[in-house]
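Alright, structures below, take your time with them.
Look at the two complexes coming up: chain A is in both, with chain B in one and chain C in the other.
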Partner chain A sequence: MFSQLLVNALIAASIYLVVAAGISLAYSVTRFFHFAHAAVIACGAYSVFVLHVWVGLPLSISALIAAPLGGAVGLALELLIYRPLRRKAAGPLVLLLASIGAYVVLQNVMSLAFGDASRSIRPTSVQEGLPFLGARITCVQLISIAVALALLIILLTAFVRTRWGKMARAVMSDPELASVSGINVDGVILWVSFVASMLAATGGILQSLDVDMTPTMGMTALLAGVVAAVVGGIGRLPGVVLGAIFLALAQHLSTWIISTQWQDAIAFAILLAFLIFRPEGFMGKKVRETTV
Partner chain B sequence: MEYLLHILILIGIYVILASSLNLIAGYAGLLSIAHAAFFGVGAYVAVLMGLHWETPFLVNLAAAVVFCGILGGVVGAPGLRIRDDYFVIATFAFQVIAFSVLNNWVSLTGGPMGLPGIPQPVIFGWTVSSHWEFLVLTGGCCAAVLWICHKIVTSPFGRMLKAIREDEVFAQAAGKNVAACKVLVFAIGAAMAAVAGVMYAHYISFIDPTSFTVMESIFIISIVIIGGAGSMWGPVLGAVVLVALPEVLRFVGLPSAVAANVRQILYGGALVAMMMWRPQGLLGEYAFRKGEAQQ
Partner chain C sequence: MMLEIRKLDTGYGKKQVLFGLSMEVRNGEIVAIIGPNGAGKSTVLKAVCGLIPAWNGRMCFDGTTTNGSTPAQNVARGITFAPQGNRVFAGLNVMENLQIGGFQVPRKELRGRIAQVLDVFPVLKDRAKQDAGNLSGGEQQMLALARALIARPKLLMLDEPSLGLSPNLVRSVFGKIVEINRDTGVSILIVEQKVREVLRVCNRVYSLKLGKLAYDGTPEELRDDKGKLKELFL
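Showing the complex of A and B:
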């Protein structure tokens, strides 16, 4: 029983990790909460649904096409909404409100197109899980853990080793200074949005493989991602790993004491506690106070 | 005729919600997406008292207002330590927790089944039963809330709220008790939302948690922003526009399932458009541009 809970927590953590990495990346570059991420998460899942069930492509190829499609939605939002707003010197609250509006529109478009009932891309035959340390784990779940780990390693190396990673880190620490040093800040924001949205879409795909999809699925996933990102420390990828594991463990181990429907409440209680007492998270730097 | 009265009653309820949120978000600059939580908690407190203890309507109303006022103060308190977009996320967290409690504490709230059979309110022997009577009651409450809002925003306290919104550090430096102001305005706004919740519950005579979701909170903040944050009549105009206009969709002949989505697409789109071209809303004066004057 205990090992099964641990395995379930590990699977949840891998999905949170992918979503939270995207949120953390986007926030530390653009400096506002990209609420429409929730819609991008669902877009990823529904793209796979369309490609796999309607068009009839194999699941793996659909997923490989769907992730960049999700990234493209993020790009479109950046180009159509956020960049023009930033040109008008809009603050983080204006951008946040605009992205809430964008979420409402996208989510309802998906509701219109696919209905509010849940849709499935899971294979119809039920697979028996493989035995793993006294627990059972399905093939799909193993794949989602592997994908999450692979993405994390790619992201970390890209951040530390490549020129693009260096530019992104420069924009994160000080956009003005980066811009003065000849870095194209708009360009960096553009491709970070693409990568972050691709991560969000991947998170949505992984989640839909585990528990199906609804147009509002992104909201819960986004919330978990925000909690993991804040707990770990916004902008710190290693922190995000800790945050995702911490959140997943807290949610799954608590099912020993209280029933599962309280998981959302637990996630948010953790978030509130962190926001109030340690807003910089496990590994983040101190949040800067208002400068006058 | 009944249909028209129904729309007017709904507008009244949303004017209360939007005007009270306007105090918090428009005047004090504390952008909150937890207003549907207070709306819901107020409704549940009054209804549960009425159903279990059979206390009179006015006692229930008062209890709901006091309860939400205190709850609002507690929720507003984190705003002293965290600000701007982190505060939005914190209120969001509270909204999700509140929904989760209403939905999962089945023995008290009935969970997803909701609470049916809410009795008609009786006020000093006057039983409010017809649409007309409900309109009078809601209209009365609405007028009272607007009057209180007017009194608040024209008082020194109201000016202090605006000062906090424009420059918190400066307000503090001028010797104002910023912390007390923030908690107090949040408590007042939440208490007013409870009034709207009690009206709504007794008018519909059935409540379930789905009326008090995150989307509802987003709808209320959209009313405030599209109407115009930080102005007295902005939220009133916003409520009329956002509640009444989608009814037009009914006459176009859209099926109700599609109409619900189209309605949300319209106000989501309106929110984006407002941010792009008129961030202060139709009638407002505050455009959520905190801290930019300094840069």
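Showing the complex of A and C:
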């Protein structure tokens, strides 16, 4: 029983990790919580549904196309909503409200297109789990964990080793200084938005491989991602890993003593505790505000 | 002429800060801008580097009008800016900070340029892998100067490079500024509150008051006229 709970936590952590990494990246360059990320998560899942169930493409090909499609939604949001607002000197609060608006619009468009009833891309036959660390795990769940780990390694390597990664870290550290150093800050925000949205869409795809999808599925995943990102330390990818594992363990091990319906309450209790006692998270740094 | 500003009006949002400002920086000069708080000194540098737009007037750099240019375009032209407050990329190490200063430099050249800049600032050599946020104030200022030099600018703009530094470090930073100007011939436009120190190193000085030019002359004239200097800061 205990080992099964640990494995379940690992599976949940892999999805939290992918979503939280996207949230953390987007927040670090734009300095506001991008609520419409929740709609991008659902977009990823519904894109796979359209490509696999309606068009008839293989599931793997559908997923490979759906992830960049989610990234394209993030690009469109940045170009059509956030960038014009930033040019009008909109602050984080205005951008946050705009992102909530964008979420509501996108979620309603998905409700109109697909209905509010749940949809599924999972195989109809029940598959027996494989033995794993003394517990049972399905192939799809193993793939989820492998995809999350692979994405994390690619992201960490790209951010430390590549020119683009260093530019993104510079913008995260001090956008104004990055600008006067010759970096095209708008360009960096654009491609980070694409990568962050692709991660969100991937989180939605992984989730939809395990459970059914609904147009509102992204909000629960987003909130878990936000908690994992805050607990780990916003902008610190290794911290996001810790945050995702910590949150998933807390939620799943608590089912020893309380019902699973309290998992969201546990997530928010953790969020509140961190905001009050350790707002910089496990690996974040206390920063001082500076202005030119 | 390296930089020519004519009748510049600009500000933030709807608030006008500079009113018809005209000034110039010639090739190889160190020019200081002094004045009381809120005079608009830093605003001049932000307008020249493209962080804020010119509302009216003209800015001309090395024969090219730069009104409407982005900071990235101005860096490519040869204008670099070290903002106020020892600003470095705190989460990146010293070497990465220098690499960012040279993002517009061809990759083959970058390593050589970093080596040259590290020769000017040997203290940074030993700290190459250290996070810039963990450097001392003086080391951060040296890094800010080094980062701005990697692109081999024609015009280097410094906003209060002495801010928050001890008197010894202030002397050391101003020594470096003179050395850089002498060895590379780069023109330097420097905003500074520590008037006595900056008057020792600059060739010409402008003083601003409430966004308007209040004085344009040589440092010697100001050093000899204590009454005038006091008047400029009242």
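Here is the rule we go by: the second predicted complex is superposed on the first by the 286 of 292 C-alpha atoms of A that agree within 3 Å, B and C clash if a C-alpha of one lies under 4 Å from a C-alpha of the other, contacts with A are read in each partner's own complex, and residues count from 1 in each chain.
Just so it is clear, a contact is a pair of C-beta atoms (placed from the backbone, for glycine too) under 8 Å apart; a residue touches a chain by one contact, two chains touch by 3 or more.
Here the structure is a predicted model, which means the values were calculated and not measured.
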| item | value |
| --- | --- |
| Which superposed partner A:Ala89 touches (first chain B, second chain C, both, neither) | both |
| Which superposed partner A:Val211 touches (first chain B, second chain C, both, neither) | neither |
| Chain B versus chain C as contact partner of A:Ile61, first or second or both or neither | neither |
| More chain A residues in contact - chain B or chain C | B |
| Chain B versus chain C as contact partner of A:Arg163, first or second or both or neither | second |
| Contacts of A:Val180 with chain B and chain C, given as first, second, both or neither | second |
| Contacts of A:Leu275 with chain B and chain C, given as first, second, both or neither | first |
| Touching partner for A:Leu79 - first (chain B), second (chain C), both, neither | neither |
| Chain B/chain C common contact set on chain A | 89, 287, 290, 292 |
| Interface residues, chain A side, partner chain B - complex | 32-33, 81, 84-85, 89-98, 100-105, 107-109, 111-112, 219, 223, 226, 230, 259, 261-262, 264-265, 268-269, 271-272, 275-276, 279, 287, 290-292 |
| Chain A residues touching chain C - in the complex, by the definition given at the top | 89, 163, 166-167, 169-170, 172-174, 176-184, 235, 285, 287, 290, 292 |
| In the complex with chain A, residue positions of chain C that touch it | 13, 42, 46, 49, 51, 70-72, 75-76, 80-81, 83-85, 87-92, 96, 99-101, 103-104, 133, 147, 151, 159 |
| Chain B - residues contacting chain A, complex | 31, 33, 78, 81-86, 88-90, 92-94, 96-97, 100-101, 103-104, 168-170, 214-215, 218, 221-222, 225, 258, 261-262, 264-265, 267-272, 275-276, 279, 287-292, 294 |
